[in-house]
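Two complexes follow with chain A in common, the first pairing it with chain B and the second with chain C.
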Partner chain A sequence: MSRLRDDYENSWWRRFQGWVDGETDLLAEGMEIRVPGRGEDKPLRGARHEQEKVRGQHNEPAAAPEGSRTVYNGRGIRCFRRFYQVMSVLLCLSIIFVLLWTVSYLPAFGNAGNPDNNEVSARYIERGLQETGAVNIVTGMILDYRAFDTFGESCVLFIASCCVLVLLRIDAAEGDEKAKKRLAEANDRIFEPKNDIILQKCACILVPLILVFGIYIVLNGHLSPGGGFSGGAVLGSGLILYLNAFGFGKTERFFTEKVYRRMTLSALTFYCLAKSYSFFTGANHLESGIPLGTPGAILSSGLILPLNICVGLVVACTMYAFYALFRKGGM
Partner chain B sequence: MSMVQNFPFFSIIIAMFSGIVSSVLDGKRARDLSLFAILVTTGMSVAVLHFCIRSGQSYTYMMGHFPAPWGNEIRAGVLEGLTAVLFGLVMFFAVVGGMDHTAVDVEKGKQNLFYIMADLMLSSLLALIYTNDLFTAYVFVEINTIAGCGLIMIRQKGRSLSAAIRYMIMSQLGSGLFLIGLSLLYDVTGHLLMSPAKEAVAAIEAAGLYAVPMLVIMAVVSVGLAIKSGLYPFHYWIPDTYGYATPTASAILSGLVSKGYIFLLVKIFYRVLGRENVIASEIVNVLFVFGLMGMLMGSVHAILEKDTRRMIAYSSVAQIGYIYMGIGLGTQAGMVAAVFHMFTHSATKALLFISAVGLYEVSGDRKDFRSLQGAGYRNPLAGIGFAVGALSMVGFPMLSGFISKLLFATSALQSPHKMLPTVIALAVSTVLNAVYFLRLVITLYTIPTKPDGADSVMPEKTQAAWGDKKGAWKLHLAVSCFILLNLVLGLYSQPIVGWIGSGLAMFD
Partner chain C sequence: MRIFEIILLLSLVVCAVSVAFMKDLLTSIVIFMSYSLIMCVIWVLLQSPDLAITEAAVGAGVTSILFFVTLKKIRAIQKEGRHEQAER
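Let's look at the complex of A and B:
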């Protein structure tokens, strides 16, 4: 039995199976095999093929570093890999071709008789202002007509930031030397404060403007182009600029992980509860009792303004959290 | 409108809300909240199912103040209720059964994050089940993908990170294709809600317009969701993902996530593209061929696999193949069989993963055949659970796998052109299933012999560990409930098949 197994390891069936399993794919090998210290070798994946070509020309015995697989030195596998690459490029090109070909059969853009110019968009345009109270129809659409989708989208952001937390947050438990070492490596705070005068002066001027502009975009989301997502992104980038200029010491006076968690929690909770109320009353044909106000006023359009604020907070916090996590594995 | 009709919406929101709140709780509380949320939502799904069976019809539920083509909408019928109940049960027992391993595998400070992922996974599955809107479906497919990734990589050991990367790449490819399909569909129909989109599609088909885009839409949507559910040629992320995640995550991913996408595909076939159009477009034949290949190749891979957990994962490839084969038959009976097999597979695969964990525990956490010798004596209930699961997958009478194979075979008889390949593939695949599953079951009940000839059922160390083990009741509870679920699906299949049939009829 065991002898059969050995033969099997070298059979083409095994190779085929390995191919189907993706065992020979670049990812699996490229992750681990690079052994540092091979001076002239460029450690980039793209360079590997050239390097192999060179090796092939000089007909050197494959000097595989320890721990690497010898698979990719075989001539057959190398040809196969080339074939694989060519085929994947061809496959991509054919998919691109099919999709472009399909596009040529689609209705021409901007034609009045197109299928998407139907009663749906007509009602959004004609009665959107009256029904949602939002001058900006797009905001009215995403936060009132289709608010459930938008709630899903903000949960996408939330869960994405949770995933980044899983990957990058380092919890140094007591006595856990390894985690402490990782923390020390990840933490580039030792270089702080950089006190780059130019950056700090520019930031002094820019950060307040950026933050005010972000707040304006969020608050005016129902009146002018903008809204929670774009305004939140502006706010988040303002915070990141501030962080870069003045360091974590300054930002942590007002933005720690606790603050982050509380802000995200309260924003999403408010969104969840407010929209649940609105969905519930809507589905059961009850009056929601939320006044729509005068269209065009800042305090108008019912729930849209608070929801925009919630979305803006979530987006700003998520952006800042991503940046902080990438820099030092914590907030 | 009665209170019960609100329950689909409540259950989605409760699952999401518990995920959001879990971000400030510690691991234990987050876990309790998650279990509570799963129980509550399952209870609600039972009520919805009961309501729909009694009233004999489905209903739509407006998400907001605006009716169908303008606002979001969800929809509940018998099939939705049934699927939600089953998914809820499987999820609950998967979380309970793998609880202790989750506590070990996941870093202490990150345990609440694990349960956030589980909660949001539940909410996205429920939303995929209940949705009546294509874009809502896409949004929750996104949540599902990210949550799945998180569930895999939260065990930051071994190859789980590279498995998560693979999963992410393949899954994003699937989501991308799905999204392209949806945008094309919106371009030619002008609707995102399922019911008006279906009318528009019918009008287009009647007028003979947009033949090429419609074909591409069907292909892209089916292939996108097939990649995400791991149909054969796109399956290569499955063994890593299921093999290296924590047990709860493996059970959830294999039992539920791929089924959520299949359910969505069935729903889109019926409620948007129109079943006749899909059959006429021959897309089902492609799915049929891939399904057949998956049935055979998945089993062959499983036979060749040495790591038992990866073996179970490869068996998933074969079972997904069965489901797509049923869809590919293109008949109502085939679809019923496919949906029933979906249920069978969620219940059985979760049972296999959870009871396998019980067996690894008593074998020093080793997963090869040699170390597992005699494990069935060391942890009797897990051994029985595994044997039941294996027999169910092979198609032993009384268990759910038997019923689904029976349904597949009878439905194959109704489609003359596909009868022969289906029946042959079923027979061959059953034999292959038996080869690898029974091999493992026999290994489990083989008393290992020491070199000096003495029999030893228990290595001393693990015996001590097993004797002291507290909290084994969780695993036992989960395994016994999964066995029960299998028996219920196997013995009371008649009403369940009837409900599936009426649920599919409500889709039209």
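Let's look at the complex of A and C:
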């Protein structure tokens, strides 16, 4: 034990920890620098000597940081490149071959004896309308039989937007000149013509149509093709178009970070509670008060409509948040 | 209809290959967008309109827009805009 502790500073774990904490500089030993102004056909002999020469030619004071050695051995690098290209082509071809080989072992398409034609799909098709109340069987499957999968997907979207938030968010530090400059640099809308008349007129006509279409898809997810995800994506793209045409000032009146947070969290929480009830009680559904299975009526399929609205809200908010974060680092 | 499907599938392959071989990033994104549009029509032909809606909204719309914004962030398509700005 004591020996281990003595050796701790040089141990593998300590080095790994240091690497994670960012203590070791990976570039400290030197990084690979290609000397500029030289074609690949001329192998360089003394790399450091060459670097000195180039520095002398261009009068660049300390083009390379001190301590970085120039690893540019012409022949070795060229061999490595050629090897790399050949190997990448070979890898690609072998992956294609393996995949095609696997495809040739799949059962024939449309064959009645295929393993996917089992009692599960038969039951979905036969009793799906009675059990879920959704005329659109796909939505019935996604939001009723396989509702837990859809919950995972919505959570993945939420986590993705959180990651983008972590990566791209820019905090406006009050009074800090440097931070303000960085903010203005990141907010690339200032370089654009703000009132593009063509875009605005087109958006005036298109945005209401797109939004109404998206709402229609979400609300009729259990009756016609579509559902929460598609409708949410359409809604999100309509919002992005509106944002592009009229700027952040207009959208911030109704969509701020607070609104985003509340909408996403409440949608996810409602979905989670409604579905974990039936998950824990063994597929006993939460009593929704909405009757099952009247084809053509919007209020006809139990919890599917509220769940569709939840998924649509999460997706639309995520799309819009992606765009806003990419654009100016905030919402 | 058969010929139409074959044309669609062939243009799908052409789009997929030319995305990889295009030198200009902007062009390859536009080709990627058209790939998604063709894929959307193919989904309709395969009788899955819900996937077609999703493909049109996500594949051709939001993904391409995010690619454009990323290119703008890394200043890959800034040149023409800068010239216009300078002229003004």
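One rule holds in what follows: the second predicted complex is superposed on the first by the 236 of 331 C-alpha atoms of A that agree within 3 Å, B and C clash if a C-alpha of one lies under 4 Å from a C-alpha of the other, contacts with A are read in each partner's own complex, and residues count from 1 in each chain.
In this section, a residue touches a chain if its C-beta (ideal position, glycine included) is under 8 Å from a C-beta of that chain, and two chains touch if they have at least 3 such contacts.
Keep in mind the model is a prediction, meaning the values are calculated, not measured.
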Who contacts more of chain A, chain B or chain C? B
Determine, under the contact definition given at the top, whether A:Gly152 touches first (chain B), second (chain C), both, or neither. first
Which holds for A:Phe280: it touches chain B only (first), chain C only (second), both, or neither? first
Looking at the overlay, does A:Val234 come into contact with chain B only (first), chain C only (second), both, or neither? second
Regarding the shared-chain residue A:Tyr323, is it in contact with chain B (first), chain C (second), both, or neither? second
Considering only touches as defined above, state whether A:Gly249 meets chain B (first), chain C (second), both or neither. neither
Okay, in this complex, where on chain B does chain A touch? 1, 6, 9, 13, 16-17, 19-21, 23-24, 61-66, 69-72, 107-110, 113, 116-117, 120, 123, 127, 133, 135-136, 139-140, 142-143, 146-147, 149-150, 153-154, 156, 162, 165-166, 180, 184, 186-191, 200, 210-213, 216, 233, 236-237, 239, 297, 301, 304
Tell me, which parts of chain C touch chain A in their complex? 48-50, 53-54, 57-58, 61-62, 65-66, 69-70, 72-73, 81, 85
Partner chain C, residues of chain A touching it in the complex: 136, 138, 188, 191-192, 217, 225-227, 229-231, 233-234, 236-237, 240, 319, 322-323, 326-327
What residues of chain A sit close enough to touch chain B in their complex? 17, 20-22, 27-28, 31, 98-99, 101-102, 105-107, 114-121, 123-124, 131, 144-149, 151-153, 155-156, 158-160, 162-163, 165-167, 169, 171, 173, 261-262, 264-265, 268-269, 272, 276, 278-285, 288
